[in-house]
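For clarity, chains are labelled A, B and C in written order, and residue numbers in each chain start from 1.
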């Protein structure tokens, strides 16, 4: 797909390896998750791109936020994101993560994911079909290989910003120890 | 001169009791000094197999002789006793500082040592019986000094079984005395060999009963779990380590010195082995299976390891019963190794009990972070128990396997393999529930044990590895014993043993182990450094966990496996014994109601009847 | 000195070759399973990329025992590797190796068990308790088979057992004792943790079991350990039943055939519960193994 690995820099080799092998945390946060089984199984087969499911955040690279996020789920999601280890990527899935989507006037859901977690890219749709998911993930792979997927670094650098937003919505947030 | 090995600990027992009343630690110090003295003076006696001593006593018209002698077999057991007593005594200097019964403990402990020396040095039935009973009584007192009511009941069961068996022994010994006119082993051996085989076998069976009770062989193993589990925590290593072995010593006496093997040499054979020997080996096999399966179900760590002791005794019995050079060597190796690693396990558990005050595994967890040296001792000992190279446990198990495969005993080999693989399961249970896992908040501040308790554990770890890499050290004395008992010996060198289908070379294995580890360590070291996080920061599907109690998997750790054997374990042998005793008590009730109902008229009637009968027979009037 | 360097070079060569071959086999397995499920699946070299990525990721640790367990697991399998003849390569031909191999594999599993349970996560403990129970299940028939083979050929070194099958390919134990070969095949599937015997890894049931807290280099090392374990188990099977081989290529080819069969077999079934798995191993495989062993002995 790209020829970065011939450039010889160690970080670029790791980026190339990372893009070829992504472990997706099998965490279905919202109703958009129903589009994941077709993407993973034989019809659309995500695994031929090297993307496979991971069971726990410690083993995962990719956090797919599939759909709306109530504040209850957001609390757990932040905890899960902080349990993942660098390099890690967040992909917003569906319109609810972009602007609130169908629940734009609900008292309980968040409207803009980017304020709480650093998002690499969004996949628009309600819900996006498996072809759209694959298209988005392939673009994500290109971003990773080019070294542009630096959401985790943004989270570290702007920690106060993110923490402030989280606490504004959730109240007191327990952090990992 | 051999009598000093019995008198000195006995005299020191009284001294220890008196001194301990003044200073709580003095008794244990006396015990430690005396066992160190015994160890050194016995070590100096290595090779002098001609030592013997005898005492005569004449009462009324009877002339009684007490014979003592030092044989290679007794030397080995005596040295092991002295060594393990020394380590336990050093350990108990600190751990018994608050123990209510520490004076009585040290008094009885030294008396136990003295009586074991007596048992080992005895060369005639009377001496053996006297010291055997003394050993049983003093250990009864020691066991009942444990956990209040539970220990009392367990000790009671132990004493009943032991005493019953000892009376069978006494009857048989007196019968032999009547036939030969002396209690000595040599005369008895000649008599039994010349006698009719059936009668000799019955006599020997009665003689071996107390030894079988002591060694915890199926079906006489019902006292072991509660006695070892509820005994004071410093005595459990001695019980499991040494006292079971004294039973094995007795079995060796019966098999070899009282010519049991020679008697049954010409009876019906199964694949080259006399049928009775094979049945005995089968008994050992059943012991292995029972001990293992019941061990996996236990929630109390001391009871778990007590059951494990029973199953390891089964291995030793199998090796002795098949009576090949390899089998015998394997059993003796396993005997020594089992003493070493079982004591280590029990000392580590005693250290944990000392700090946490409980023996239930589900009440503890995460103790590796607070007691790392105890953990290291426990880990090394269970690696030896599971029989993993390069520890000494692997060597003894390997030799026993070679012995079984050489002769083609499929069923025995299958049971031996089963015991070994399953032992992996039950030793992992305390490791995972006590030392690993979540640290409970009430244990967050406990400290590692004091230095005097660490030293015995560290010494034992060193010995485990040393004997694992250099098995030749143990083979020296075992070869002497084989020669003394008239068996062929096994070829060996400092670090290798010759088996039936190949040789074992410890140094090789140790080197390769190091190579493998170094490569893995290099791969690990060159990767990125990892971040240390706390125990409560763990995968819980996004939920915050605040109490470690609900996140520690300990209760019924092997529930799927236990389910397979639920029906079998429900039929317990203890229940059988209890039903037997209840029926005995009830029939006694019946007799009591007939004869001793309390009515004065009945007593008068019986007295008159008795008078009439005796007059008729001519004993009076 | 030159001898020592030569030996060290030999060590490293065998280790790296086995890791590479094992990872390739894992990739082939994923491809085969994908094809059975009518899809394309990842490329054959995917596991190499997985390992590379994992060593580039950060990881967390829960203390000394977590690190020590990972090192002990990988160290244990590398040690075991040096005793298995791979084709004509063998570093240490020691007598008495067959039983040794079984116990050395136990070192590796003890290391992994200790390390992963040390993470403090109960799902790791559940996974390990299941793994140990299942190990008891499949080891019994396997040890009966080893017992019979050692007794038959009167040698307990793998090299000796391999040589005893020399000559034409009809001498292979596969044709001499076909029932035992079948039982050993079923045991092989249990050893490698393929369905229907993979309750210990159950991803959605217990969060992938023992490796629940392992990420980054720990997962990488466990993946390498898995790859070497696969080669060790396949090599044992080929040496015991398919007569070994003269050179490494035909040896790898034989291993590949066994591996493909095992993968295809293992992709068809749902999961056994642990006690059902153990009871299954103790019923038919153990029974058939005992019958064949008795036939050999008597």
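Here is the rule we go by: a contact is a pair of C-beta atoms (placed from the backbone, for glycine too) under 8 Å apart; a residue touches a chain by one contact, two chains touch by 3 or more.
In this text, all values refer to a predicted model and were calculated from it rather than measured experimentally.
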The pair of chains with the most residue-pair contacts is B-C
Computed over C-alpha atoms, the centroid farthest from that of chain B is that of chain A
Chain A to chain C, mean C-alpha position gap in Å, rounds to 36
Taking each chain's centre as the mean of its CA atoms, chain A sits from chain B at a distance in Å of 60
Where chain A touches two or more other chains simultaneously, the residues are 56, 58, 85
For chain C, residue numbers touching 2 or more other chains are 56-60, 207, 212-213, 216
Multi-chain contacts in chain B, i.e. residues touching at least two other chains, fall at 531, 533-534, 536, 539, 541
Note: in the complex, chain A contacts chain C through residues 13-14, 17-18, 20-21, 26, 41-43, 45, 47-50, 52-56, 58-59, 61, 85-87
Within their complex, chain C touches chain B through residues 11-12, 15, 55-65, 67, 70-83, 92, 94-97, 99-100, 103-104, 106-107, 110, 113-114, 117-123, 125-126, 128-130, 132-133, 135-136, 139-140, 143-144, 147-148, 150-151, 154-157, 207, 212-213, 216-218, 220-221, 224, 273-275, 278-279, 290, 293-294, 297
Chain B partner, complex, touching residues on chain A are 27, 56-58, 76-77, 79-80, 83, 85, 174, 176-177
Touching chain A in the complex, chain B uses residues 531, 533-534, 536-537, 539, 541-544
Per the touch rule, the chain B residues reaching chain C in their complex are 366, 368-369, 372, 379, 383, 386-389, 394, 398, 401-402, 405, 408, 410, 413-414, 417-418, 421-422, 424-425, 428, 431-433, 436-439, 499, 501-505, 508-509, 512-513, 515-521, 523-524, 527-528, 530-536, 538-541, 551-554, 557-558, 560-561, 563-564
